[in-house]
Each structure stands twice: as C-alpha cells, then as structure tokens.
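These notes open a run of structures that come right after.
One chain, subunit A, links the two complexes that follow: it is found with subunit B in the first and with subunit C in the second.
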Partner chain A sequence: RALLSRPAAALRPLRGLAAGPEMHFGFQSVTEEERREKIYQVFESVAKKYDVMNDSMTLGIHRVWKDILMHKMNPSPGTLLLDVAGGTGDIAFRFINYVRSVRERQLQRKLKHHQNLSWQEIFESYQKDKFNSLGDSQVVVCDINREMLKVGKQKAQHLGYSEGLSWVLGNAEELPFDDDKFDVYTIAFGIRNVTRIDLALQEAYRVLKPGGRFLCLEFSRVSNPLLSRLYDLYSFQVIPVLGEVIAGDWRSYQYLVESIRQFPPQEELKAMIEDAGFFKVDYENLNFGIVAIHSGFKL
Partner chain B sequence: AAAGGLRRAGWRLWRGRAVVRCQQYPPLRALQASAALRRASDEHKKEPLTSSPQQHFDSPPAGHQPEQEPQGPRPSYTGQGGQESEDYESEEQLQHRILTAALEFVPEHGWTAEAIAEGAKTLGLSVAAAGMFHSDGSELILHFVSECNTKLSELLEKEQKLVQLGEAEKKPIDEFLRDAVEARLRMLIPYIEKWPQALSILLLPRNIPSSLNLLTSMIDDIWHYAGDQSTDFNWYTRRAVLTGIYNTTELVMMQDSSPDFEDTWRFLENRVADAVAMSNTASQVQSTGEAVVQGLMGAAVTVSN
Partner chain C sequence: EEEEEEEGWHRLYPGHIPTSSLQKALLAAGSAAMALYDPYRHDMVAVLGETTGCLALPNLRDKMKNHPEGYCILQERPHIRLSTLDMARLQGLPDGSLGREYVRFLEDNKVSPDTRMLPKFVDDEELAYVILRYREVHDLMHTLLGMPTNMLGEVVVKWFEAIQTGLPMCVLGAAFGPIRLSTRKLQVLATELVPWAIRSGLNASCVLNVYYEQRWEQPVESLREELGIFPPP
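Right after this comes the complex of A and B.
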C-alpha cells in the first residue's frame, strides 16, 4: 500500500522508542505531547459509545477474544489482577466471573471430602466460605482516561459487580503502584494507544510479582494476503462509516483503524516484551492475526 | 577480561552448575538481560554475566540442554543476598522445581493447574506462574513419571553394583522382574487416589507420544538391568510382555483395597510366572520341534538305505 506512510517508523532506531519528537497518530505525524493529548480526546469522545461500537465493529467477536484471554490466563482464586487501560471493565468483569466459578467448584470439591463431619460443621464451613466467594481475588482497573473509568464504574454498578473491584486513574507509562504487587497484568486493546510502549512494558515488569504473568491482547498483523486485503477494505471503508453513524465521530474511528496499521507486528512486539525482561514470551494469533495475545513471565 | 571470564567459567563448573551457553543472540538482547539483572538487585552475590555476552562456556557433560532462547543469569528477586537458590540457569530448571514442589499438593488438588499454582507459591513465585504449563496438568504427571523412572534406574543400578561387588546374590529372572515392577509401582502409593485421573490424562492423544516414550524407556531399563543381551526378535517380545505385565498390574493396583496391596503383588507374581513359563514352553516347543525334525530326517535316511 503506497498510502501507508510510516515516517515515525523510519526514524525509530531502537524498537519502541521515538528518535525525536516525531511520533505517529494514525497516519499523521505529531509530537509526543500532541499524541497523548489527541488520544485522550479520542477516548473522551468515544467513552459513552465504546461498548456499542466494539460490538458493531467486530460483530460481537471481541467478546470471544476477551473470553479466550481469560481462559488463557486461567486465574485461580487469590489472584491479584491489574487491568491497565481497562476502561469500561470488560476484562475485570470476566475475571470476577471466572474466579467465582472456579471458587464454587473448589468449594464443592471440599464439601465432597467432608464425609465424616456432622451437619453442623458442614453448615458452618459452608457459611464461612460463602463470604469468601471470590477467594480473596482482586482486580484493579487502571485507565488514564477519566471518562472511560466513569463509564466502567456505571457499568459495574448496573451489572452488580462490587466485590474485589477497584478503579484507579493512572498512566500505563508510570503506574501508581509499588513494585512486585500483582500476579497478572493485562492490557487489552490498550497498548496500541500508549505513546511509549517500552516504558509501559517496563512498568508492567516492575509491578508484577516474581513469577507473575504479562498478557497483552491487541490487534496485530494479518499475514495472509487475501485476508489482509479484505480486512483493509473492511477497516477503511466500513468502520469509519459505522463510527459516524453510531457514534457521530468518524475521525476517532479513522484514528483507530490507522493506529492498528502503525502498531508493530507480532514478532516485533514479542521482541519488545523480551527486552523489558520477560521470559517465555509467546504469542497466539486469533482469527489469522487480526488479534494476537502476547504472554510473558517475570522470572 | 578473558582471564576473568575463564576463571568464572571454572568456578561455575566446579560448583557443579550447568552453565548457560550463550549462542548467537544479538548483543542488544544480552545487554538488556544484564540490565534487568542489575536493576533487580544490587546485592546480587553471584558473578553476573556483565559486559561480555560473547563468552562461550562449555556445558558440562551432565547433559544440560542449551536454551533456544537467549538466557542471562536470573535476577535474584529475593534481593537480599544469600538466597543462592534463586539463581536459576534456565527456565527448564525452574519449571522442574515448580513441578517438584507441586507434587506435594497433588493428593489435595489432583493433577491440576491448581496444584502447580500451589507449588509455585511455596517457591515464592506468584500463582500466575502456573500459566507456564498446560492447564490440564499433563506436564506435572509426565514430570512425576519421569522422576519415578529415574528413581527406579538408580535403584536398579545400586543393586547391580552390589551384585558386581559380590555382596548380594544375583536374583533369578522372575524375582528380579517382580521386584523391579513392585518397586516402581510402590512409588505411586502416595498418589494412588488421584492416579486414575493421571492415567486418563496420559492417554489423551496429545500426551501419548511422551507417555509411551517414558513407558518404553522404563521397561527397557528394567530388562537392561535384568541382563538382557538379546539382539534378535526376543528383544521385542520381552519388552512387549513386560509392558503388558506392568500395565495390567497397575490397573489391578488402582482397584486394590487389600492391606499394603498384597493382592496386587500376588497378581504380579502370577503374571511373571506365567510369562516365564510361557517362554520355557516356547523354547521347549522349539527344541521338541527340532528333535522331531531330526528324527524324521533320520528315519528318511534309514528308509532310503
């Protein structure tokens, strides 16, 4: 594609770092500060319609992607999750559901073992565990954008999620948390919008406990040429139109589609994650590379 | 710097640690790895792989597999010096340690990712480290089986040494096989309740190559220490027979409720006796057949004369 101009990419000597103040905002070229500003504005304006747009753009498949991410994580009760750029809380709610069902199964199994206790003792132990339906698991949703957090909190209230959930305003490049705190760090469809990806990865490494896991769900490169052409057609012709019709904002969705093209492909992102110090870094393509899940461990 | 490197290499070998082989990875990566090391702990006691990523150490013949992925020394995340156990040379060794630690949680949680998570917790790692393994616990089971096989080999090796030194009698073949299989099956006793679950997971198509591999190498080991030197078709029949004995005895053991599994050992004794009798019968049939043929030939010669 002759239209794909990557001025910032050509200027970047090291992966993920901007050589000078020139960065990309979609296909435009802007400074770092401008980029942060613009992205903030994009999400400020789309916040209210974010979920609706997700559903219409991906035809609901994004729910499957997020479910797959959760299955890959396979969290056990007692896990501390940090969901960065978690905005409207999709990952956090799935995490709570998953942990709750695992915990229920655990309790059922424990109950089966209690064959020789009296009914009173079984009742008491059941009561005690019932108050711990999440098994001490917690999720912290961190987002840089106040509007997205607001929408997320409203959704949580509406759907009835209150336990084990907290909302923090913060920048992925400079997380307001201590070292070695979290078991799992996820960033779903957010790392694309981070201006300094290397800093975000370093912060992820810092806040994870030893043995902790980094998971990144993000749009990525489709290698199949035929599919890639169809995908491009859909992205550039259909999505901005949907954006205008549903959210009244085609520019933001134009940015979104362009930013997907500007984002490093699977192998490059894998190398960046390794650079941050993670081990056993691997990625899994979903839908032929439209989306990829990268995973790394802090060992 | 080279001399320093050689000295460090010597010390590493002396300490008996498998040394990492830095093979063809871009210098940038090596620098980053050691940057992580420096960042993680300033009181790191081990000599870090600081500025020369191109140092080539030879791994000792103890058979440490060189990593595909570039490796630096592990950052000591306990920070305060003295915890030398945190300095892993490779991900595989770390995984081994996690799986070994997870084994003690198997009676409670079964052969699952939960047991692995608990094991990781005892090593001071986050429960998310269980994500390194498959979620159905197959690696845990394979690890356990391979550990048992190793223990069995060591046991048989020790016994063989005793026989060679003349301190013990050489056992007759059926007793040898019986004892070897019994010793191996006894290692399952602590996990006997959850072992049926493990067997079913080992039979999953994905795991069959590895589990079959482990089984055949164990049977091979037993025959080797039994003194089997055959190079003909006997090699296959012997192994097939012993595999059959082992598998059936294992299944019997799953359902055995007698004290100390007496019924299982009696079953084993009978099966081994059967096998030995069968091989005796086979050789008898063969020699009878030869004798019959010779007799006929003699008769033919007599008649023709």
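Right after this comes the complex of A and C.
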C-alpha cells in the first residue's frame, strides 16, 4: 500500500564509495558530477529555512543531539576546532558557549585560590583574563555552500558571536588547510552529503594533529523493526509535506529522507573511519539509531 | 526505466509529484494553515487547490467536455502566457474590448500572466491542465468582474469562482478571506459585492468554457451578457 511503502526502487548497493561513475542521489542514479551539483542546489535552496525545517522535522530534538555531541567532545579552552559542513553554525556556536563556560569556571577557581591577594592585584588579574574569555579557543567553520555560510554569518552577527570564529569556503574532500592543524574535527549531518566519503575521512585524518579527535554526528540505521517502520512512515509521509508547506520545497526534503536510507549503517561507517587510519573508533546510538555519533583518534 | 523506478510510480507531466492519500491530507491541512498564517504564500493556496480538488476538478472537466468551446480547449490546450500573447496587438484594440481591458488590468495592478504556479499534486494529466487553465483564466475573471487585485477584489472573485467551479479552495478562500478586512469593507462586501457575485456565479454559464484567446476583440460588456454575468455594482 502506498501508505507504508516508499518508491519501488530497492536500496541500491551503492554506498558512500564511488563504485564507478554511477552514484546515488537519494534513490536516483546519477554521475558523480551530477550528484555534487544536485546536492549543492539542494542546500542553496534550503539555506534560509534550514534551521526552521530542522526544528519542525525533529521537533527540536536536533538541538539535543548537537548538545550531546558537544558534551562528548568536552573541549577545554585552547582547543582548535574544525567544523566541516558547518553551514549555519550550530556546532560552532555551541563550542564557543561550552569553552566560555569552562573558562569562566576556571577563572572563578583561580580567583578562589587568590584569597590572600590585595584588591588591586585581584582586579588586575581579572582584567587580564577578561580579554581571554575563550582561552584562545578557536573554531573554523568550513562549508562548500556559499548560501549556507551566508546564513551562518548572519546568525553569528545576530546572536553576537564574533571572537574565535572563522568562516571558510571549502570542500570536505579537499580541505584548504595544512596537515596536523586541528585538535578536533567535527562533521554534523554533513558527511551524508559528501560524494566521496572515503576522501573526506582521509582529509579529516590529514588535518588533525596527532592525538586529535574525529567526531561525526549523522543519521544512521534503526535496527528495531517496529520503530524502523514508524520512522519510515514519518520520514516519507510527513517530512516532504513539511518541506513543501514550510519551505515550499518538496524535492529537497524528499532527497534528504532518501539520502538517509542510502547512507552506510553504523558498523560500515566505523570500518570506513578505521580505513582512513583512525584508532579507537567507536559509535554511540542516539534515539535507537536514528542518529549516531562516531568517534576516532589520530595517534 | 531508471527514471521511473526512482519515483516508483509514473510522473504524469513535468513537475508532477506523486503523493499518497495520507500525504495529500497532510498537505491540504498544512497548506490551509500556512495560507492563513502567511497570505503571501500563494504557492500554499495553489497546493490547497490541488489537494482538495479531487471531486470538483473531474466535474469541471466534464462540463468542458460536454461544451463545444470547452471541448476545443481541452483538445488544443491553449496557455495564457506572455510568450503566447501578442501584447502589442491587444493594446491596440479598442477600449472596452476584452483584450484591451485585460491588458489595462494587468498594467493597473502590475501583475503578469506568467506568475501562475504549475500543478504538482494532481494525479491526472488532463485534470492538471484543467486546474492550470483555471489559474490562467483567473486574471480574466478579474477583468470580467471589474475587480482589482486588492484583498477585497480577490475575495469577491473567490466567491464567484467558488460558485462556478465548486473548488474547495475557492470556498475556503471566500469564507476566510474576509477575516483580514476592515469592518467598512466587510459591510460593502456583505451588502453589495458578495450577493452580486453569487447571483452572477449562479446565473453564468461555465467560465472555463470560453475560448478567451479567440475573443480578444469582443467587447467586455457583450461577453458579460453572453455568459450571464450581471454588471458590476
């Protein structure tokens, strides 16, 4: 019945790796170049309504997922983060908030230990540290799509984020950064849209410092059969409708739900990350596997 | 065959998005809510029309089939677009003629016939044309009824169209459109305009059965009489 079934095309075995010139764009079969272009157009089209749509589709839960990612990262002040496919800045802003609050606690603890200082000395030390509210932490937001970056920059301005934040136009498969540069590399809901996942993982490995951490937050496979059916029903029946009503764009959101089905499941992605050279690769399922956080270290 | 496989079932016309009944129901509800919330979302009004027109559209199509001019339109599938209209010629026609008044209407209200949305959610190729024809003819309705494109004028035209076509979208638009009008306008609406629109709508023959492209020279008054539209107040 049309209600529960999605289009007759069975899931093609083509996954992230380019198996010859034929690739998947959702359930369609396209060439590598076509895929890149189509995906670019999808995000160009949805950029302005991206955040609204995320909230509507996930009923705001995507915020919790991103918070969990940040807690897992647990960055300390002085961390240099590269957020790839970071478009509208959700991860970057959370990072800044996190290190700021850690820094504040650090400063408070320092002050407590300076009980025997004079008022003058305490005031001076406070002044010195005030200009370092981030503790030299920095985040570089890298995205391939100009429109998404534009929205991100506007958001940053609107919310008052300026310190420690940079915006770079770049391709995850070929990053415009030197080797061994970053402490942490994140890619949240972006790796699914990369055409050559293996290249993106290799690039991630390259730009991380030794000891650096790779973190990937992405939609994944729900193994529970009942939940899986409900999830499919919601994905295929409701989400494109939301896309049409809220963003006036059915097709982009149809692509989105299809691309989730085409993406490698947890174990397969773990293997791919290991192939790129990462160690201690692990994953954590959120919401029964609707979303998963994969983590690895460059040693 | 790859192209068809990708959607699972056929795309019947360019721009067609096949939808399940559940999706149509959700779309109808969502588009109605969004159209009320943000009246500038004309695309939502269009979607509402497509998802709720499953009874009215076949009805309209049959009316057209059973009328010689309507049948002709269904066969030839004319489109009212800037590319198919000879604007210079229409402007040169005498005042009072359909063509001249139509162009005047477009200029005065700063609208263009090319802003009509193509249907997406109608699952029948012929019905998709019918709803597209209804959209393209809408500006001519304004001309025939002498109504401008402000909120008041649109509501009046919607009342007329609701009677004429039976499309639920028109009925909803006619019923909920007045919500955003001032009391003074509502008074005019209720006492003069709507009764006139209803009378004309009931009296007139089906407006989709007129091959407008062949009648540009005809005076508007004469066309009104022929159709059975009473003179505007």
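Keep in mind that, in the parts below, the second predicted complex is superposed on the first by the 283 of 299 C-alpha atoms of A that agree within 3 Å, B and C clash if a C-alpha of one lies under 4 Å from a C-alpha of the other, contacts with A are read in each partner's own complex, and residues count from 1 in each chain.
Going forward, a residue touches a chain if its C-beta (ideal position, glycine included) is under 8 Å from a C-beta of that chain, and two chains touch if they have at least 3 such contacts.
All of these numbers come straight from a predicted model, not from anything done at the bench.
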Partner chain in contact with A:Asn74 - subunit B first, subunit C second, else both or neither: first
First (subunit B), second (subunit C), both or neither touched by A:Gly164: neither
First (subunit B), second (subunit C), both or neither touched by A:Gly135: neither
Partner chain in contact with A:Gly87 - subunit B first, subunit C second, else both or neither: neither
Contacts of A:Gly277 with subunit B and subunit C, given as first, second, both or neither: first
Partner chain in contact with A:Gly212 - subunit B first, subunit C second, else both or neither: first
Touching partner for A:Gly296 - first (subunit B), second (subunit C), both, neither: neither
Contacts of A:Gly190 with subunit B and subunit C, given as first, second, both or neither: neither
Parts of subunit C lying in touch with subunit A, wherever the complex brings them together: 2, 5-9, 17, 20-23, 26-27, 30-31, 33-34, 41, 43-44, 47, 120
Complex contacts: residues of subunit B adjacent to subunit A: 28-29, 32-33, 35-36, 39, 69, 74-75, 77, 88, 91, 94, 113-114, 117, 120, 123-132, 135
Subunit C partner contacts - residues on subunit A that touch it in the complex: 2-3, 5-9, 26-29, 237-238, 240-242, 244-246, 248, 250-251
Footprint of subunit B on subunit A - complex, ascending: 72-76, 78-79, 106, 180, 183-184, 205, 208-213, 274-275, 277, 279-280, 295, 297, 299
